[in-house]
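You will see two complexes here that share chain A, one where it goes with chain B and one where it goes with chain C.
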Partner chain A sequence: MQTVWEWLPAIYLFLGGLGAGAFLVAATLEFLGKRYEFDFCPPTLVGAILPGPLVALGTVLLIFDLGAGLREPWRIFYMFTHFSSVMTWGIWILSVFIPLSLVYGFLEVMDTYPLVWERMTKRIPVRRIKRIVAAVGAVFAVATALYTGILLSAVGPAIPFWSTSVLPFLPIPMMPLLFLVSAISTGIGLTVDLSGTLALPDMQKRFRRLPLIHLALIGIEAVLLGLLLITAFVEGGAAAQAAQYIVIGPHSLVFWILIVLPGFAFPLAVHAYTLGLGRHPRLLHLGAGIGIVVAGLILRYVVLVSGIPVTL
Partner chain B sequence: MLPTNWPRWIIVPIGFALAVVSIGLGLILVLSVQAFASYPEPTPTPPRLPYAAPLSMECTACHTDQEELEETGASAEEAERLYIDPSLTESTHGRLGCVTCHEGTPDTEDIDAAHTGLVADASVYFQEDCLLCHRDLPNEYPDDNLLAPHDQVVQGLAEGLTCSDCHGAVGHGDGVVSGEVIISMEACIDCHKERNLDVGCDVCHTEMAAWSPDTDCALCHMVPQVESLEDANLLAYAHAQEGLACLDCHNDLEALGQVHEGAVPGAPVTPLRVKMQSCFDCHVPNEHTSYEQVIELTADYTIDDQQINPHDPHAGVEGMEPVECSRCHQMHKESPLIKGCYGCHHAGTFQNCSECH
Partner chain C sequence: MKGKECGPVEKTALSRRRFLGLALASGAVASVGARFLEKSGQRDTAEVRSARYALVIDTAKCTGCRACVEACNLRNNLPEGQSYTYVLDKGDEQATWFLPVQCQHCADPPCAAVCPTRATYIHESGVVLINDKLCVGCKYCMVACPYQARIFDEERGIADKCWLCLEWVLNGDLPACVEACIPGAKIFGRTDDPDNEVSKLIASGRAKPLHPEFNTHPAVLSYIITEG
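Moving on to the complex of A and B:
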């Protein structure tokens, strides 16, 4: 029986978001044609191959966490038909997204190493199929990233902080939006800042607009996080108590030192520096990438441990 | 940055390793920072009840279909009692699934097997299951000026009392979440009477709501005033049958406002005697032509061989006001009639006070 929301849910929500975000980065580069400016494009390769395994690993952890599915696996199949449940939406989204990601990864490998797959690449239009898979997969990637937040806001009535609305007068839950933007940000962190910088030292120079896009995303994520906390304070009750725990309470040290600093302040400074001076210090980009990815995980952890249940 | 002799595809396993390392790094960093923080116990979530909605489909298939219930041999009346509104299966309690609270045998079409081990009133047997979600039940609701004996019930001090005794089949509709009233005051009073407990207002109410002419009198004056409207032996009944409401007789709103001002639960009710004129406003045009005629009706009345007119008992006595009708013709309890005179004439005589005092 689960008595606390701690690391395990945080890890699978993070893996779901990271996989979805990485897929979206690869799909975007695919559609913008940027992928074909390189004979070897690390963000696309990593962003196409890793989402399948990452999200699948997250799904295994989710099933492990639910427990009942391990003891009585047939109960998982009930979840496919219970359409009024958010869990059913999720299980359908994941069931489509994971195979699509694996196919997309395989197609990207074929496209990157055409000589190895010469027999197959001659017979099938790899790039055309890859585009279709990327387009459909991108829709499900957005759904997966949103779902990680919807999963939490669905618990909303019991834990008000998780269903905090975008604005006090706008009854749209913030968590799915925040997790979507955070997913894309961690996706860029992994595929561009980390993998790209490691494999192609001049990659940041060749994606001139990338620092600006990433800067905007981090800014949007910061605004959403700020709004979440303000709205929770305005709502009062258990939601305000949770926000207080995060900003000035027992989780504040983790929040400011391990989320705000490495996930927002440092990457903002690095990308602003890159944008302003046109310099691309690789070590700083690697640091920003690690900071964004780690902060993405810790953000989910802090949101989970700060959820204070309402007393019925 | 990677060594040039490394294959370029190595970036994929490195990327995967970085994702996994990030998780480890996150764990270590959080634990390290928490070592310097006054970290509280992780917030407990409500412990999960077995989520048995999928295992209750056979229950809902039958109990949400009255025809199906009748096909099992239940009478129309019985079927109606056992029928569950389908929308309730999606309520907060309904989503837990029938077998979570009522047990029985899940996931079977066999009616006898399904009902083996069935518990009709879950809270009698599994009160702790209710308490999994309904923790920290308050003993006072300040916004409603209301007390509730939750501690006594939870700790077993209220003998034989369990959740459903007050909240009934709350799992089947009258949800707390819906904001509907979850227990009626009549239910409280009935239960208190059954157990010979105090039924005074202050047992549950900490403060009175402000009175206005629109206030439901039954909230505070149920016993004996409002109850008397249904007792055919009492005069209030005859008035209620004529369609009269409380304020038709108790029509001095200013006086009503004054007696309710500062009233506290449990305090004795200040008697507000209905004025003779209020009675005559109705009775003169309908029954009697005048007060004089009423006096005339009993002009020859004798009590203890003395000729005393009960409708004008103090005639000729200096300084005495006419007696109000309601002193002898009481509405909400048995009328004392002539015995009402003995309230003052305590020796059972009708001499003037000054003859003894």
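Moving on to the complex of A and C:
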């Protein structure tokens, strides 16, 4: 068991990913023009409003996990200074992404409720600014999601499971990729399955290709997670031990019941059902959304605590 | 015994602070200089390849008594149960042997590379130190050290580590763990004297770094491993 980083960092990594994923959904709908097929588009509204507060909350939690930095907050500024540290990259990425997503959220609200902001919207080109913010923000959203994985993979030999490669002979770390895909997946879960379905009963019908895209994403995430565990087994040592802990060991109950079932099996079944029969059962979609988001949090927790230190 | 150990602790609590103050000043000057030269921290640390001191651990002599663990706790005034060094039980029931582990004072320390605040740095002697004025307590160094040599000081909220008792060593004395080692499994000395025991052990290739595959290039510690 890895006990240095537990729940607080797990929530922080999760919120970073969720915020980044939600932002990417909103930005994608914006650029595909899907946003403007609606007068009221819940996924873009939620995907624009929530990332700022979510990622900011994650950062506050990170600060609460600090020792001296919490007692003497000016020390946090030192964290901007060491560019060989992934955490310094993260602090910079978050410092750009949080304000950008707050601005994006505000612009989306202005665009959705133009009458409230009539005086301001007349003077400034809301949509043009929104597009620029969405484009720049999307780059930082991807960076945020990747950062949550690189933070772990960068520890190298100290925790072999975190630095497991994509394939046994391909030295690209898996964690950043897995966390990026998981971030987008939880983002869709939050903005489309959950918020979209709650606000508009026929949400899933309006985006015909969405269930297919989401199905593919969940499939890719399942493959990446499977590969991570297999590669860890092949690598042996502490990485294999971590994979064993997750699949059949002390974390297996949490893994199968709180990650695989709600985050993969159930949403896959729901989306496959939707695609196959063309039906859109609202409750099932809500369930899938909640399941994906919860599984995203638990996944990060399990990855953190399974980071068994290398055997000396 | 305890009183005898406690004496120098009181005295050195102050001098250690003064020492860290000096280290902070020189560290700040060095880091400002480094930034002006647009060098990364990694590059700074990579330039120091060998340290002024060497500590060789002969596992054949270690009896697992853990006097080193206790001595380190006392000299550094650490809370009960905490120490900069620990001893692993290795082997099986038939042939148990012991592996004392502490900071290896790497020339490429991952703890310093991942530290977002540059709190961890390499002293001119090659000893890896932590500047307690810069540390934010993010614990990234604790997860990144493959030797698991970092401990967390709950009172000050910073990551703490073995400093090779540098205050004593600079005055010609021994680190607490070496002084306390009853069977003489820890051999300490300067590397600039080719005739002393540590230099001979290293030159002959008998003393080797622990887990060189981690690529951290331990600069102070090396081991003579005899399994069983």
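The working rule: the second predicted complex is superposed on the first by the 306 of 312 C-alpha atoms of A that agree within 3 Å, B and C clash if a C-alpha of one lies under 4 Å from a C-alpha of the other, contacts with A are read in each partner's own complex, and residues count from 1 in each chain.
Simple rule for what comes next: a residue touches a chain if its C-beta (ideal position, glycine included) is under 8 Å from a C-beta of that chain, and two chains touch if they have at least 3 such contacts.
Since the structure is predicted, the reported quantities are computational estimates derived from the model, not experimental observations.
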Just from the overlay, do chain B and chain C fit on chain A, or is there a clash?
-> clash
Between chain B and chain C, more extensive residue contact with chain A | B
Which partner does A:307 contact after superposing on A: first (chain B), second (chain C), both, neither?
-> both
Contacts of A:213 with chain B and chain C, given as first, second, both or neither | neither
Name the contact category of A:102: first (chain B only), second (chain C only), both, or neither.
-> neither
Which partner does A:86 reach: the first (chain B), the second (chain C), both, or neither?
-> second
May I ask you to decide whether A:50 touches chain B, chain C, both, or neither, giving the answer as first, second, both or neither?
-> first
Which holds for A:154: it touches chain B only (first), chain C only (second), both, or neither?
-> second
Out of 128-136, 218-226 or 272-280, where does chain B run into chain C after the fit?
-> 128-136
Chain B and chain C footprints on chain A, overlapping residues = 2, 4-5, 68, 75, 78, 82, 84, 157-159, 307, 309, 312
Residue numbers on chain A that touch chain B, as the complex places them | 1-7, 11, 14-15, 18, 40, 42, 45-46, 49-50, 53-54, 68, 75, 78, 82, 84, 112-113, 157-159, 190-191, 194-195, 197-199, 201, 250-254, 257-258, 282, 286, 290, 293-294, 297-298, 301, 305-309, 311-312
In the complex, chain C touches chain A at residues 31, 40-42, 88, 99, 101, 110, 113-119, 132, 134-140, 142-148, 152-154, 156-159, 210-211, 213-216
In the complex, chain A residues that touch chain C | 2, 4-5, 62, 65-71, 75-76, 78-88, 91, 154-159, 307, 309-310, 312
In the complex of these two chains, what residues of chain B are touching chain A?
-> 1-2, 8-9, 11-12, 14-16, 18-19, 22-23, 25-27, 29-30, 33-34, 36-40, 42-48, 51, 53-54, 90, 92, 133-136, 176-177
